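Below you'll find a set of structures to go through.
Common to both upcoming complexes is chain A, partnered first by chain B, then by chain C.
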Partner chain A sequence: MPEGKLCNRQPVTTLEQLQALLADKGGKQYYEEMNRLEVDAKALWDTIQRTCKSRIRTWLEICTHCGLCAESCFYYLANHKDPSQVPAYKIQSTLGEIIRRKGRVDNAFLQYTMDTVFAKCTCCNRCAIYCPLGIDTGVMASYTRGLLFSQGFTPWEMKIGSGMHRIFRAQMDVTTEDWVETCQWMAEETSEDWPGLEIPIDKEGADILYTVNAREPKHYPEDIAQAAILFHVAGENWTVPSEGWEETSLAMFAGDWEGCRQQVQSVYDAMARLRPKRMVVTECGHAYRATVIEGPYWAGLPTGKTPVETLHYVEWVAEALRTGKLKIDPRKKIKEPVTYQDSCNYIRNGGLADAARYIMSRIAEDFREMGPSREHNFCCGGGGGLNGIGRYREQRNIGLKVKRDQILATGAKLVVAPCHNCWDAIRDLEEIYRIGIRWTFLKPLLINMIEVPEHLRPREE
Partner chain B sequence: MYEFVTGPLAWLAFAVFFVGNLVRLVRYVRGLDWKLDRVTYGTNIAYGVRGALRSIVFWLIPFGTHSWRNNPGFTILVFTLHAGLIFTPLFLLAHNIFLQERWGFSLWSMPGGLADTLTVAVLVSAALLALRRIALPEVRRITSAYDYALLAVAAAPFLSGLIARYAYANSEFWLIVHVLCGEIFLIAIPLTKLSHFVLFFATRAQIGMDFGIKRGGMKGRGLQW
Partner chain C sequence: MFKKLLFATTASPVCDNAAKVAFDLEMKWEAKLILLHVLGIPSRGFGLQVVDVRTGEKEQPSPDYLEWVTEELKTTYAAFLEESNARIVTAIGEPYREILRLARKEDVDMILMGAHSRDEEVGAARHRQVAGSTLRRVAKAARCPVVIVNRPCTTCWKLFSNIVVGTDFSKASESALLWGYKLAREVGANLHVFHAVDITAGGLTRPAGQTDLEQRIQEARRRIEHHLLPKIKGYEKTTVEVWEGIPYVEILKFARARQADLIVMAHHTREVDPEEAEMGSTVEEVVLRSSCPVASVNHPDKVADLL
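What follows is the complex of A and B.
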């Protein structure tokens, strides 16, 4: 069988295809079909010829096999220094080999490649800053995921995720109506306690366009309410778009570059339509990476920047604290030891370490850095889509050990994790390893800490 | 024979070395693609230059980066090896006398004792780096015969040089072997992964621009390498 019904080289673009995939619980049939999926070696080599240029080819060629990248990778550390977890080995034995063989590889090889670039690499890019030649294995693993996607070798959940983006312009089946209704519902409910609070939808020319992670409307609508409260108290003139509100990109994890482009374009279209002064992205790392850092390139914007200036949520909070738009009640600062999870996506790959430090200095009395921290921090273990892939659950859980030990070493029982993926990974690590920690986004912390001006006070007070 | 290896063959070796390295650099730069690499090399130039320079300079300083500091032994070996590889042939008295005779110019020459020390240092560090490849499982896994061969190609001119100078001081045979080894080394640089001689600067500049322009360089104080 050259191609399967569920597992094939075509991306999911219709609701029927998506439902068929979803009905295949755990991807049982999907992975069975994958065992028989034919490799289109010619197309693979053509794609490589077209897209693999001097940057990646030189990396693969001049790697001196020095092994310095080994200890930079949390997977290597978590797996008792297993040599097959050395970044250089992982990429040379997959992408390197595909290129050496000019694309003439078989099904088993592409499955090995998939298992490697998904279950042994979260594309956290940490190894890039430890390699003397600046070789970024994370970038190459991500590129390899793109090759695999074009050949139909992608984990079941990633195929679904990419399809979601292509169909709903969101990582989950949240329609425009669902989203708008959730915002209205949250506005109604929250304004009972916060007189005057609104969640303005599609307001033109606002100071801030606020965009989110689809999990928020789907599973955590209170997050939207909390964002609204903080904007309300800060006196911001803000809005959410009815369309183009989703920042995340499972398509990026999957390597579905066309899906990535479509997704970010929807956000940029919202910018064009509503002409906000700036955009603020919710507390999510990969969402920021996708829409703000990589997105402009997928959309072909020669500035390399989003059409309007964009802030990650931590930048907005830092700014609001600095300008006094949000004031912290000093009595309510966190007294207990607290640490911060530096997300690879907006810290290492986004340069926002100082904003995070500034926030912590304002809200915590005993802030403890993880070691290492800032741009050198280890991935939480759930990056690159790993949190959501059943096939690789075990490998993901082993990877969490590095973060567990980092947190334990701080002595803190509270972890601030302003990134959905990190937040999930830390929740799971507590569930598995039981180290007695709590974890939180910034919004709920801030709401309990801010001084609320008289005229905005909640009604009960 | 001596005339041939120090004449036409030397010209050939130098030609391959200079032209080859230049071609590698040019091809690297021409193969960069702002859309595929997702880095606006040409638009945010000031950030790019800053990022590239930081990325090169810190890595050229022994113990200048986290990675060098985490691996002190390796760092000493690598810097010793490279210092010896580059400076010894350039500033060796015998080479400069030869240059003066053949091509009518010469560079500053280092004292003989220093040259000998550097030569021995190259051989010792190359040997230890080879042992390291065997001893450390994470390095052994990624090492191939090619890696040892390149170490040998780099060390051979130094070993043969020592032999030609001390063991068989008047042997034309060993002198020819030495010259040949040097020429093989020169030719191998652009044609093998020894091309990191120039491509180190290219890939470091690229990743520096990558972080300096796109990945946070415009927002933070710059990546602490």
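What follows is the complex of A and C.
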């Protein structure tokens, strides 16, 4: 069988295809079909020749196999220094081999490649800062995911996720109506306690265009309400777009570059339509990477930058604290030891470590750095889509050990994790290893700590 | 006054008493009944699996699984469903959020629930995502009355003879009063308007002096008579009573003394985190101890006709 009904080289573009995939519990049939999926070696080699830029080719060639990157990878550490977990090995034995064989590889080889670049690499890019030659295995693993996607070798959940983006321009089935309705609902519910609070939709020329993670409107709308409260108290002139509000990208994890482009384009279109001064994105790591760091390239923007200046949520909070738009009641600062999960995506790759430090200095009395921290922090263990892929649950859980030990070493029982995926990985970590910690986004913490100006307080009844 | 009802169930025995009331109301009031079961809590980050609310196990809510859960619900409520046209709805999400979502979408007249306690929501507890209790959060935000049935309620609602309304003079408790009145009028029940002077209020550790208390009781009585009773248009079966003590304890004692069929009160609070709200905690205090159902009314939407 050259291609399967569910597992094939075509991306998901219709609701029917999506539903068929979702009905295949756990991807059982999907993975069976994958075992019989034919490799189109010619197309693979064509794609490589077209897209494999000199940077990656050079990296593959100049690697001296010195092994200095080994200890930098949390998977290597979590797996008792298993040599097959050395970053250089992982990429040489997969992408390197495919190129050496000019794309003439078989099904088993592509499955091995998939299992490697998904379950042994979260594309956290940590190894790149330890390689003396600056070789970035994370970038290459991500590129390899793209090759695999074009051949139909992608984990079941990734196929679904990228399909969601192509159909809904969101990682979940949230329609424009659902989204607008949810914002209205949250405005209704929240303005009871916060008189005058609004969630303005499609307001042109606002100072801030706010965009989110689809899981917020879908399952956790109070996250939107909390953002609204903080903008309200800070006196911001803000809005959300009715379309182009989703900044996450499962398509990026999947390596579905066309899906990625479509997704970020919808956000950039919203910018063009509403002409905000700046955009602020919610507490999400990979979303920032997708929409702010990688997005401009997917969309072919010559500046390499988003059409309007974009801030991660931590940048906005840091700014609001610095300028006094948000004031912390000193009595309400966190007294207990607290640590911070530096996200690979907006801290290592986005360079926002200082913003996070500034926030912690204002809200916590006993802030404990993880060791290592900032740009050198380890991935939470759930990056690169790993949290959501059933096939690799076991490997993911082993990987969490590194984060567990880092947190334990701080002595803190509270972890601030302003990233949806980190939040989840840490939650899972607690479920599996029971180390007695709590974790939180920034928004709920801040709401309990800020001074509310007299005129914004609810009227006494 | 009950055209559309929402019965939110965990499908466990805790909800059995609420189920009886829900199906009974459907029949007696010829109402449309929606039975909602929130079956799984999703992750914050990407993932297709949810944590089953009852078992705490991870499940993928495929169409098959949803169907299986629906079948299970049908079996659980088989005896009731024989004479019912209830619509069964399952949902994925945090229970309180999904209950509020459906109640809003369907604009139901009342939400009925069992006293979902935290211990009982295994999945929720394990998932550690549901901060406050479902009950508290639903009661705070729902636009319609939320009726919590914890003990067997044997009296048919149409035969209710004593409805106790607790007031604390807040805006929300005005809605509670109006709704209690509306129901009392419809079924011909006595309406007991009750207030407890809170001897712990203001953080006083020492009980207020006796004369001061007397004054406060007089004042409360005056407020009820001058400000509240006119709103219920001189309903003749009304009594007024003011006691002192800890409000939730006093209302329970009073309800017992009057053999109340229903307690109606507001559980308003504007704390962002219902977990930390002082007032909010009385929802559970009253609900868990009350021998009759408790209606929490916090918004004027369902008494707009009386305003």
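As a working rule, the second predicted complex is superposed on the first by the 457 of 461 C-alpha atoms of A that agree within 3 Å, B and C clash if a C-alpha of one lies under 4 Å from a C-alpha of the other, contacts with A are read in each partner's own complex, and residues count from 1 in each chain.
The working rule: a contact is a pair of C-beta atoms (placed from the backbone, for glycine too) under 8 Å apart; a residue touches a chain by one contact, two chains touch by 3 or more.
This structure is a prediction, so every number in the text was calculated from the model and none was measured.
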{"item": "Chain C versus chain B on the shared chain A, clash or fit after superposition", "value": "fit"}
{"item": "Touching partner for A:Tyr130 - first (chain B), second (chain C), both, neither", "value": "first"}
{"item": "Inter-centroid angle chain B-chain A-chain C after superposition on A [Cα, multiple of 10°]", "value": "160"}
{"item": "Which superposed partner A:Val86 touches (first chain B, second chain C, both, neither)", "value": "first"}
{"item": "First (chain B), second (chain C), both or neither touched by A:Asn35", "value": "neither"}
{"item": "Chain C versus chain B, contacts on chain A by residue", "value": "B"}
{"item": "Partner chain in contact with A:Cys63 - chain B first, chain C second, else both or neither", "value": "first"}
{"item": "Touching partner for A:Thr13 - first (chain B), second (chain C), both, neither", "value": "neither"}
{"item": "Chain B versus chain C as contact partner of A:Gly300, first or second or both or neither", "value": "first"}
{"item": "Contacts of A:Ala23 with chain B and chain C, given as first, second, both or neither", "value": "second"}
{"item": "Nearest Cα pair across chain B and chain C, whole Å", "value": "23"}
{"item": "Chain B and chain C footprints on chain A, overlapping residues", "value": "none"}
{"item": "Chain B to chain A touching residues, read off their complex", "value": "27-40, 43-44, 55, 59, 66-68, 70-71, 74, 78, 133, 136-144, 147, 193, 195-196, 199-200, 202-204, 206-208, 210-211, 213-221, 223-225"}
{"item": "List of chain A residues in touch with chain B within their complex", "value": "51, 53-55, 57-59, 61-68, 70-72, 76, 81, 83-84, 86, 88-89, 92, 125, 128-136, 293-294, 297, 300, 302-304, 315, 347-354, 374-376"}
{"item": "Touch list for chain A against partner chain C, complex", "value": "22-26, 157, 160-161, 171, 185, 189, 192-193, 215, 218-222, 229, 248, 250, 253, 382, 385, 387-388, 390, 420-425, 427, 430-431, 444, 447-448, 458, 461"}
{"item": "Touching residues on chain C, where the partner in the complex is chain A", "value": "42-49, 60, 62-65, 92-94, 97, 100-101, 104, 126-129, 141, 169-172, 270, 272-273, 276"}
